[in-house]
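Reviewing the structure listed below.
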Amino acid sequence: MDIKSLLSDVAAGRITPAEAEKLLAHWPASDLGFARLDNHRDWRTGFIEVVYCAGKTPDQAATILAQQSKTQAALLATRAEQTHADAALRAIPDLEYHAQARILRRLDPSRRVDAPPIAIVSAGTSDLSVAEEAALTAETVGHTVNRFYDIGIAGLHRVAAVRDNLNACGCVIVVAGMEGALPSVVAGLISRPVIAVPTSVGYGVALGGFAALLGMLSSCAPGVTVVNIDNGFGAAVAACRVNAGTPSSQ
Amino acid sequence: MDIKSLLSDVAAGRITPAEAEKLLAHWPASDLGFARLDNHRDWRTGFIEVVYCAGKTPDQAATILAQQSKTQAALLATRAEQTHADAALRAIPDLEYHAQARILRRLDPSRRVDAPPIAIVSAGTSDLSVAEEAALTAETVGHTVNRFYDIGIAGLHRVAAVRDNLNACGCVIVVAGMEGALPSVVAGLISRPVIAVPTSVGYGVALGGFAALLGMLSSCAPGVTVVNIDNGFGAAVAACRVNAGTPSSQ
Amino acid sequence: MDIKSLLSDVAAGRITPAEAEKLLAHWPASDLGFARLDNHRDWRTGFIEVVYCAGKTPDQAATILAQQSKTQAALLATRAEQTHADAALRAIPDLEYHAQARILRRLDPSRRVDAPPIAIVSAGTSDLSVAEEAALTAETVGHTVNRFYDIGIAGLHRVAAVRDNLNACGCVIVVAGMEGALPSVVAGLISRPVIAVPTSVGYGVALGGFAALLGMLSSCAPGVTVVNIDNGFGAAVAACRVNAGTPSSQ
Amino acid sequence: MDIKSLLSDVAAGRITPAEAEKLLAHWPASDLGFARLDNHRDWRTGFIEVVYCAGKTPDQAATILAQQSKTQAALLATRAEQTHADAALRAIPDLEYHAQARILRRLDPSRRVDAPPIAIVSAGTSDLSVAEEAALTAETVGHTVNRFYDIGIAGLHRVAAVRDNLNACGCVIVVAGMEGALPSVVAGLISRPVIAVPTSVGYGVALGGFAALLGMLSSCAPGVTVVNIDNGFGAAVAACRVNAGTPSSQ
Amino acid sequence: MDIKSLLSDVAAGRITPAEAEKLLAHWPASDLGFARLDNHRDWRTGFIEVVYCAGKTPDQAATILAQQSKTQAALLATRAEQTHADAALRAIPDLEYHAQARILRRLDPSRRVDAPPIAIVSAGTSDLSVAEEAALTAETVGHTVNRFYDIGIAGLHRVAAVRDNLNACGCVIVVAGMEGALPSVVAGLISRPVIAVPTSVGYGVALGGFAALLGMLSSCAPGVTVVNIDNGFGAAVAACRVNAGTPSSQ
Amino acid sequence: MDIKSLLSDVAAGRITPAEAEKLLAHWPASDLGFARLDNHRDWRTGFIEVVYCAGKTPDQAATILAQQSKTQAALLATRAEQTHADAALRAIPDLEYHAQARILRRLDPSRRVDAPPIAIVSAGTSDLSVAEEAALTAETVGHTVNRFYDIGIAGLHRVAAVRDNLNACGCVIVVAGMEGALPSVVAGLISRPVIAVPTSVGYGVALGGFAALLGMLSSCAPGVTVVNIDNGFGAAVAACRVNAGTPSSQ
Amino acid sequence: MDIKSLLSDVAAGRITPAEAEKLLAHWPASDLGFARLDNHRDWRTGFIEVVYCAGKTPDQAATILAQQSKTQAALLATRAEQTHADAALRAIPDLEYHAQARILRRLDPSRRVDAPPIAIVSAGTSDLSVAEEAALTAETVGHTVNRFYDIGIAGLHRVAAVRDNLNACGCVIVVAGMEGALPSVVAGLISRPVIAVPTSVGYGVALGGFAALLGMLSSCAPGVTVVNIDNGFGAAVAACRVNAGTPSSQ
Amino acid sequence: MDIKSLLSDVAAGRITPAEAEKLLAHWPASDLGFARLDNHRDWRTGFIEVVYCAGKTPDQAATILAQQSKTQAALLATRAEQTHADAALRAIPDLEYHAQARILRRLDPSRRVDAPPIAIVSAGTSDLSVAEEAALTAETVGHTVNRFYDIGIAGLHRVAAVRDNLNACGCVIVVAGMEGALPSVVAGLISRPVIAVPTSVGYGVALGGFAALLGMLSSCAPGVTVVNIDNGFGAAVAACRVNAGTPSSQ
């Protein structure tokens, strides 16, 4: 349903103005009492509605996923603890749970994006849970992912070695904690869009990821954009928007 | 010059190993004493080297621009005060100075990117200097810019009115101060990549742009990426990378 | 007892000045040793004294409630963990315990405020414990509450759909975490007072609710006032003051 | 114009769907190029659109006010420096400029709200510019203001002396810097809504108003709500919403 | 006037209850419109009311001092800029102005406290304006001050050299910027009360005095108490309370 | 041993210079390997060396106390968890453990200070553990303590009721969390020294005691000095210095 | 392998340019999938690659150590919990685990640095785990360590007593929490390089080590350099670089 | 004068104990009233006492330098504005003033340190004033300085090109603003000690140097130590300590 056909129906007398007013208000949300599902988010934004499990009970998460399952093939939930996974898998047995990345998902094999791969780079082994959150998210909606892990700047030759591989990707997500300098170094070497994800790896003045965040935002290498600390999911959604290519109306 | 041909020359005896070693070290930088120009940044990253005027004397800025002027047609300097502009214009008369955006630039008419326009959205009139920094930057390297100014969320209908126009662009830069909620609202309405620029507009707890920055990074609408406060330039460079389309090797 | 009649008694010789001095000092507080109850807070401020359980032992909380129970029908305790509830219910069996909102309360059926409903809006399902703390508080002193949950700005149509319902309420409490933009959006759509409650929902730069707090205080939509992070209780007390209508002396 | 009559026109064929779509999008905003006026903000929120002068040139502020002047009697601009005032007064000679409060306004004598007075309390003489910003704002839209200045808690008897006067008002705005404890004290003494405004008065750890802000939000006296530092304007808008009384639909 | 004699008058019929109520409310404050003087602060707290000039116009400061001058011999104003001094000296020619300490004062020769001296210690020469604010304040109300300046911990022997002199004082104020370690060192060497004043001397991570403040509050040498950054005045008032000796009722 | 007699011994040939040098260096500290006891701290500062248990193993704490027990009657350890208490009590059975205040102590009945009482005031019941840390500390070295608990500013009459009692004490410690305004109110009412202790009571913007700390340091009522958050111990040591009266050499 | 001999091989035709290019890119890193070992870090920086266990699973840590064990005699892992130790010891039985310092290491007896000792000073007993992390690290690569523990500034004579011992060392690491003033005091007394390590010892405004960090960086005694909070490891690596003496090429 | 000969004099009766006591206390400081010069700092720490001009009047700075000039050949003052320079040059005509670095100094040609050069690296041209403060400081006490300016990580080849030159120095100072990643990169490439100086270059989240500071302290490349923001002077003093080589007593 779109607003133009609705107005045409009104003009044609097929729908009264009062009916139209109600439809415009209530159509795109399903009310579960504790939650209102945003049924046309995928249509508007190109990415399915995703369940953020933190602060939700296992039952609430499972109920929302079960409701979504009725209308969409691909499913995704983030920050899912084992208890959320248990409840959700009872309701939807074909979900996969990735404990390290805290991701619950169901792939939709028919959803394949015709685009170059998305590169996911991590500075260290300790950043893997965030990097995998990004990778699994992008794959869920049909993108291809190339992983380049543990190539931090304490040994720069590891970065330089993959320069050509990164330039062949549509978009590069760089995941790093501590001083978070890797995105600057990468952006100075390649020409593709670089999305930086600071991680909470580090201690003391690393400030749970703030040192990396501030460093990434202050980067002397222009062209880096940044998402929230440990937000592999958000980086992936942004990368998918970038990678999907030119607007449909062009 | 690229590394393969250099090594071929060494292999062929046209260059001795000692000579090759020196070339590898010094080739891509011009040493002005107080500055070393990065002569192949455009080749590596797709964007010309840009002069950041803050903290530089007018003479230093002008000297660097004059040196760059010898080898490249398009020129760009940011955070340029009137004193920088005066010195630079004496050296390079065909520069344009945009005082509100603090931009010095020289367009290269032959540099036209074949891509959809970049949209630049501002929440309020007070955000214009940052929005214009972004717009002028993107135009300098050949992108087309569409401006949508003063459509903040206190009157949401102003945002909704331009939804289709934004979806027709390759990338959307959203500039906002105060609570910085406009990028979230835009990202929830459209499917194109959204790059958010927090501005230092506001007082008290707006914290010189930090309230907007934190809000943009915490956005409940996934797909937003963020740059430094008032960094219209950085947003534009990132948007140009996005907008330039798929990697050359695809 | 009020100060005028006391002074009249002194003037009439019914009370000596020395006695009056003591009465003025000690009358309105009951000393339990570890606590001094403020017996005329309801008389002064229109809201009963409430027990803040955090930092109190279960026995201390129960003893205070038992003492209050002697002189007032409605009882309320906030931040009550299960251990506080267990101790309090042993002492006062007709209390109700709401675990999600951490509220212990006893309703006073005779206390009904003649006023429009208070609206309580939440951005997401993860904000429910705070929203319910507000709802249960307002109900305890006799206000009616209308709940509008999970209508965050990532899907704006959910907000717009309830605009008229909100305008029909006496006061609107908006509970939101992450970037906390919902109160700005609501305040831009309606004319009733809006009290914003930032929640600690979110991670990284959400900073345990500070991103939402700063955003709400920096709102570009004037008319929003704000309470402490996760302070559903305080928002409800303020809403009850607003909702109670014009001052008695008018 | 409201949405129901528009839809009726569409139903009756008086307006085509295509025309209706445009009207819905563009009707309520006037585009000045650098600004889009929100023409129905007063209709939606009960308060006229106000010009925030900070970050605007004098000409921009004057142009916006001149445009607003065509359709509304009452005018208000905040954070107006002398240069803004000079430009605005050239365009609209019947504006008044209040330099201490940085307010430009034009009263609309026909706009009188039938409501009790709004009390404005200040802790010290140094808080007067903020207190007056609030007072002048509320008067502009037709509310009566009672001022109680310099009654800080270092001499508590000054607060106690006005207790009854405050309880006779519809809403109490309390303006305080340094430790910002006055709103807590006032809220513990009276039953009317208390809106606290932290000011940037103080030095060192007063942190430009943050000590007062944090103190007000942490108040042990429930019922206090808070606005941004030095935001007398926002407090007044909120107070006007409170003071306007019960919703029209009751 | 004290409350006991007032009540006796009421009991004896010399004052009606209504008159007594008014006296209790209004007696101790003089209302200047923009300021209410706290006339019995000296009686209550042992220290005269002092004018904080920051945020006040020169005329406001001068008017308050002129009013105080009618009822008290000693006068003190802090944070007085030259413009405040000029206005005040026109009104009260026997004031002294100390520009470095930004103090305006008039000594009352009859006010001599029978107590040991107060020691004022500074870490460096750059801390002198704060140290002198403290010294001049204490002298104004009749205390003797011994100054020990520029004895910071980079040369510890300078501190050790004055240990006995400090122990002979009633109270020791220690003024220090940068890392603010001097109070810890002094408190570890002597047995008298130590009041620490952090100063805004230093740059970068000195954070305008916060590094010193945090260090002083975290001191490993117990017995140090702290006042606001650059608050020489507050330190002196506290020192005077300490130095005045045992309570009168003992 | 003091330095004068040592030098006399050197002068008289009773001690060689080399021996004197060693004595001066090593005399006042006992080396336990992991700790060096400061044996003459009581002699220098008037307060015994106290064991800070946080970060020490139970065995380390017990070993230090056992060593101190050999040379001093009064013993005190702070931040002692149950495990520290168990280990210490095995070594020194006549210690008392106060779990709420986390204090281990042994009183020295012969140590009685001839001074007025120290008042300890708390704003709420949740502040008791800090207030008791202060009270038990002061008692350990022979001071008398008067407790005034739960008299916060939400019910000001509770403070006013004890004004005379506070003025009769030598020093007043005020313990408060949340906005921490009680010390300002107390300091405005009395003339004795006021030492403020912010507590970590509160949530959200109370920031673990920082809101109270900043408020206390920004107090508009001069004469307040402040110690670290939850530092009842430090407040008591400072109060004991104040309360001990004039310096011995006067 | 070094770059000169590689280029000579190319020049001599012993290696083709294509082969050389690959060698230059991939030679110095071993790819384990989740980790890429930096095989020539010791050669480049003079310190072996060390495993940071935080955020790694026990298996990951053990696998990396086992791989390193094949090519190097000395091994070191930091932030190793008991679970990491268990896994690593199963793989490499000759590791030692130091639980307090969370260090896993294997000494290489043949690695002895010809240099003066490194001094490690701690302010208190609670700082020992950090001090030992530093000490064990330096010993692992062949330096001698002299320990001076619990000599904080509350008893300055303990510092003065070891002045000559410290001056005899090649470098002095000073570990301190709370106000962190000990490095300033030490640097004012000696002439050797001082590396300061703030620790998270303390509470409230100690801010988990930030008060100490800011104080150390603001030191009035020049010559102090600082590492991250609790970073005994980093201090030791820096001390080893200092202590190793003059560059080899001199 | 040293303590051993003093004690010998006492033992021999050449000095009385009372005289010795005074000498020990007062010997090493010259009291100018507002300042006490630390006359044996050079003897104790190896670096002359330096005048920090910020917060000092031009006369104070000049008076201190003139006094120092009597006893030492080399002179150094930092943070000297033009007004300080004018006053100082009137008193001591052979001083040199370096305006960009805000340094006043007099070289002592006889003071030459026998050591390798100190390298000073800067990330950008905007960092030059800090880099020059370091360079001029080290030269003043006789060290040789090699400058490597504008070799930031946006063009990594500029760093790699000078690797061997840096390894030939005794110590490397790296000066960088914005994200401050250059010290990490340098420390990963060389084996000499690296002292990092964050600069206040940058805007927004660069936070006046804090982003660089946090990044440097969080460095993933061990061996980096850090000084205060913009503290080129402190870095140089530390570098001189390092560069001076092994302790004299070895």
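Labels for the chains are A, B, C, D, E, F, G and H, by order of writing; each one numbers its residues from 1.
By our rule, a contact is a pair of C-beta atoms (placed from the backbone, for glycine too) under 8 Å apart; a residue touches a chain by one contact, two chains touch by 3 or more.
Everything numeric in this text was worked out from a predicted model, so none of it was measured.
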If a chain touches chain C and chain H alike, it appears here: A, B, E, F
Furthest chain, CA centroid comparison against chain C: H
Distance from chain D to chain B - Cα centre to Cα centre, in angstrom: 38
Centre distance in Å when chain B and chain E are each reduced to the mean of their C-alpha atoms: 53
Numbers and ranges of chain G residues touching at least 2 other chains: 41, 124, 154-155, 160, 187-189, 204-206, 210, 213, 217-219, 221, 228, 231
Interchain contacts (touch definition) - all pairs: A-B, A-C, A-D, A-G, A-H, B-C, B-D, B-G, B-H, C-D, C-E, C-F, D-E, D-F, E-F, E-G, E-H, F-G, F-H, G-H
Sites on chain G touched by chain H in the complex: 41, 44-47, 50, 115-116, 167-170, 187-195, 213, 217-219, 221-228, 231, 233-235, 237-238, 240-242, 244-250
Complex contacts: residues of chain A adjacent to chain D: 3-4, 7-8, 10-11, 13, 16-17, 20-21
Complex interface listing, chain H residues touching chain B: 124-128, 149-151, 154-155, 157-158, 160-161, 201, 203-206
Interfacial residue positions of chain A with respect to chain H in the complex: 123-124, 152-156, 178-181, 184-185, 187-189, 202, 204-207, 210-221
Complex contacts: residues of chain H adjacent to chain E: 25-29, 33-36, 38, 41, 52, 54-56, 60, 64, 79, 198, 200, 208-210, 213, 228-231
